[in-house]
Amino acid sequence: MKKDLPSRWIYDYFSPSEVHKHAIKGTIYHGNSDIQEIVVAETHNFGRCLILDNEFQSFELDEFIYHEALVQPAMIMHPEPEKVAIIGGGEGATLREVLHHKTVNKAMMVDIDEKVVECAEKYLPTFHNGCFSDKRTVLTFGDGRKFIEDSDEEFDAVIMDITCPLEEGPAYKLFTKEFYALVKQKLTPHGVLSIQASTTSPVALQTYTVLSKTLQAVFPNVFPYAAYVPSFALLWGFCLATNDLDPAQISPEKIDRRISERVNSELRFYDGITHQALFNLPKYLRKALKEQTHVNLDKNPLMEQYPGLADKD
Amino acid sequence: MKKDLPSRWIYDYFSPSEVHKHAIKGTIYHGNSDIQEIVVAETHNFGRCLILDNEFQSFELDEFIYHEALVQPAMIMHPEPEKVAIIGGGEGATLREVLHHKTVNKAMMVDIDEKVVECAEKYLPTFHNGCFSDKRTVLTFGDGRKFIEDSDEEFDAVIMDITCPLEEGPAYKLFTKEFYALVKQKLTPHGVLSIQASTTSPVALQTYTVLSKTLQAVFPNVFPYAAYVPSFALLWGFCLATNDLDPAQISPEKIDRRISERVNSELRFYDGITHQALFNLPKYLRKALKEQTHVNLDKNPLMEQYPGLADKD
Amino acid sequence: MKKDLPSRWIYDYFSPSEVHKHAIKGTIYHGNSDIQEIVVAETHNFGRCLILDNEFQSFELDEFIYHEALVQPAMIMHPEPEKVAIIGGGEGATLREVLHHKTVNKAMMVDIDEKVVECAEKYLPTFHNGCFSDKRTVLTFGDGRKFIEDSDEEFDAVIMDITCPLEEGPAYKLFTKEFYALVKQKLTPHGVLSIQASTTSPVALQTYTVLSKTLQAVFPNVFPYAAYVPSFALLWGFCLATNDLDPAQISPEKIDRRISERVNSELRFYDGITHQALFNLPKYLRKALKEQTHVNLDKNPLMEQYPGLADKD
Amino acid sequence: MKKDLPSRWIYDYFSPSEVHKHAIKGTIYHGNSDIQEIVVAETHNFGRCLILDNEFQSFELDEFIYHEALVQPAMIMHPEPEKVAIIGGGEGATLREVLHHKTVNKAMMVDIDEKVVECAEKYLPTFHNGCFSDKRTVLTFGDGRKFIEDSDEEFDAVIMDITCPLEEGPAYKLFTKEFYALVKQKLTPHGVLSIQASTTSPVALQTYTVLSKTLQAVFPNVFPYAAYVPSFALLWGFCLATNDLDPAQISPEKIDRRISERVNSELRFYDGITHQALFNLPKYLRKALKEQTHVNLDKNPLMEQYPGLADKD
């Protein structure tokens, strides 16, 4: 009897008074790097998951939604993406999605935490699917901003798959106007920047709208979009920024054709139809995005805030 | 200090090992009808909410998403909806959405529980917005199936806003092929049926796909769709069924024009762009819908099941 | 299936990182007085319970433990308790325990909240057991301190059954040295003061030890004691203060004899043996009580604090 | 902000509708033996704790209560305990308590899981305090029942510190009449058996009362007792069984004298006064113990049951 009652729960607070929680069956791996606590656990509903500093990163059974949503629109929109940079993405699933593209001949990935990648290699095989040893992969460890600054390369796509700017740490410098301006310099003429852009929950919408506004201060074309990730129980935000390309200018048919021509794996989330869902945000989100005026700068960077209980009687 | 720790929580189990929960500030109303326990509570994040038999129904701050998603596509697609039937929808918000349409001259609503409507009238003013006393409203109480059977009317739209077929009770007879066939007989030639169709969570996808399949056994055109409802933390499922109309055949511009011509209120969720998001389901959902073969019949009706812990080691 | 998952939980935070929680089947009563929110709910494990401002007060199935522990040692120790004052105790169970004593000819109870007593009369019959209409009962409503100040009576026992001094409000003035000095003046020579004295949990031990110390600043004899209350999941603290009587000076046999002579009801918790358990505190609690030096004064009264997360890495 | 909300919780279900839960700061150790999952975690309120198969075993800050309560009454009652057997007790704290006694010249400990002991040696130093390398310690690994069967020794005390008989596994054979009869044969004339005997919670009282009754079927003298363990939020049950000794026959003064003569460490929980609290159970527990008639036999051994939701409306 007691065995059937799940005893170990990980909480994801949407606010102090709203929580989504998963029970875990057991821990596959636990360790500490210099940077964070790393846990790989087995959940009941969504298979294995990676947890960094008590925050869920992604889950085996639906990470395809998050990672296809982050990577595929950028890659498919681009006429011929050959060189791609990935910042973050330690599980390897972002890299996996990039390498599905036959056009790619170089995928440079930089992650701050070598131990996360080691751990993913051992314990998250369905996430990376062997892509760390693909010949096109160049994997380095260090600060993503420094990587972009120091790079001599130009990229057809830059994919940002890093944790939200929750607190002090290197991540907060990867969401500012200054950083995005650096990225823009390293993009080829049709180059695309794609970022994960936090939750679109109406109780914590600031990050998503500020990141979109900040990209608009740098790029001529900015397209916030969103996908529901069941294991997160959230409509998750993303944002594309380009010099010239526009996701509304590519037809569902063209998307499906490019997928069949370029992608050597069956996508499970993204296709021409899904593309329509991603980029047609509900009216209330478009309104919130439009009303945001704040641009995120190095000198006073955004730290993600959770709504408090200030409104409590 | 202790005051800041929320002490009263309502749980919404997605499964025994996955929970979304809201803390409530206090209870506005509590009572029991013959049918169910009725609670109106004040949440921290989403304002007032209606809770029937411990299940959240809708929340003040984002019920517009659920109710516009349920009502507006059906109403806008129809060339000129004049007579509408609503089954369920005790909060009054479904009726409110219907009555926003100037074309409507009769809105017949039947709910099983008079006490829910009384309670909504008093405690949920922003939900019904006075629509119970609109001259076009005909409100009756009783079984929805009997209402359809006995009705001499024909409807341009039938909107089903009832709780999921979780257990024994009248609701389960409102989700079967036999019932939908009855509805079809009472629809005008361009008539539209719109139903709320449970969660699309991959861990509890059966109801959504079976309802879609069941409608297909009756109607030539069936269109499952979905909208993210933040307070539910779920991508919520809906389904349209028609004889001839098709949501893909109406352009965003036409939708926006019809809204401006017919709707005497500012919609906050639905418009031409949002319509694209609603009806372009992600690939994995389309696949699950396609694979479902079960049709829900009176003789062995669906009872919603939650995934157990059978997979537990 | 879903029905079997309890969806409504009341939390009792021992600290922000330790919680004891009960699921409730349903609400029997809900209302607001001028002073607080009042809920009577039905729990799965412990029957009905009274909840004031989201704090559990007592539970049907084990309130006998709390109330006998609070009342019986004082009453049994006293050679012949005739006149008793009760401050607080709105459920009526403290009064019930007092009136079990044949020696009592007057039981004066004062509670701050008339609505709690009305609610108990209707919904908590096993708690009060009809004692509000006992001829010996004198029930008034108002501030307990004012009641003591204004009273012309002298009491053989004063029983304090009020909520902990958690925040601003009248309760905090009922735990100070000045108040206890007032009480002392209104006690007969062998008079006994008995108070509920908060949790003895080592993570929140301040209130218990300060109250004991404060009583010592007024009374020659002070005896902190404790009883485990299962529904609270806590070893609950109490304190006796007297001029001359000593719980160690009354033998188990004498206790049992007095119970059989004086008490016209079968006690379920308290007897001569239980008395030994109550007053022989474990060594670590005696040490903590001994080390406390703070006396609670009107000018800077104790507000119960919960341990924060300051120690968090 | 979010950092202050504890995200990792371990639940201890008292029943499906009553839970006590601790948040943990982080995991110190995680591993799997052949027998169980082993976790050492850091809690906010009670320091490090050992968790076996998702069940809390003991906590750094108050394990002294549990372990002194389990060991010291047996050891102090005995006129001169020299040889002691410990079954279970992998943390080492039971052994530590035994070795505090100068009279002991041999302490034989057998645990089923070598990995738990290894883990305790490394990560729970305050629990074992180096006692595994005491010269008087004889540590072996294997089944406790086989150890007793095969032993040529006679013991002055046998201490059972094993997990509750929750499910299939070797532990359930260590709580039966047949096993206790074996133990009795291996006790010296004044020998004492002391066991941990599960919770005394009124919602799950079966194990405690059956174990007491079962010991009574073997031993002339049986003394159930109990101590509140704050980190468990439970009054925890223990039971002593002897041929001749009786805890009521030893005065508090004699207890304190024996402690000062024999014990080379300062006890924090147990002394002459605490002894009175331990062995004077509240009346309702004595009644439940008296009413139990079931004796636990090898052929149909007790499996601990948790109260279900059968009573739910």
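Note that the chains are named A, B, C and D in the order they appear, and that numbering of residues resets to 1 at the start of each chain.
Quick note on the criterion: contacts are C-beta pairs under 8 Å (C-beta built on N, C-alpha and C of every residue); 3 or more make two chains touch, one makes a residue touch a chain.
Bear in mind the structure is a predicted one, so any value in this text is a computation, not a measurement.
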Notebook entry, point to check: Compared with chain C, which chain's mean CA position is the farthest off?
Noted result: A
Check: In whole angstrom, what separates the CA-based centres of chain C and chain D?
Finding: 32
Notebook entry, point to check: At what distance in angstrom does the C-alpha mean of chain D lie from that of chain B?
Noted result: 55
Checklist line | Residues of chain D whose C-beta touches two or more other chains | finding: 3, 6, 16, 26
Next item on the list: Chain pairs that touch, all of them, please.
Entry: A-B, A-D, B-C, C-D
Next item on the list: Quick one: which bits of chain B touch chain A in the complex? Just the residue numbers, please.
Entry: 3-4, 6, 14-23, 25-26, 43-46, 61-62, 64-65, 201-203, 226-228, 230, 233-235, 267-271, 273-277, 280-284, 286-287, 307, 309, 311-313
Next item on the list: Using the touch rule from the top, collect the residues of chain C that touch chain B in their complex.
Entry: 1-3, 5-13, 16, 26-27, 29-30, 32, 37, 39, 54-55, 166-167, 304-306, 308
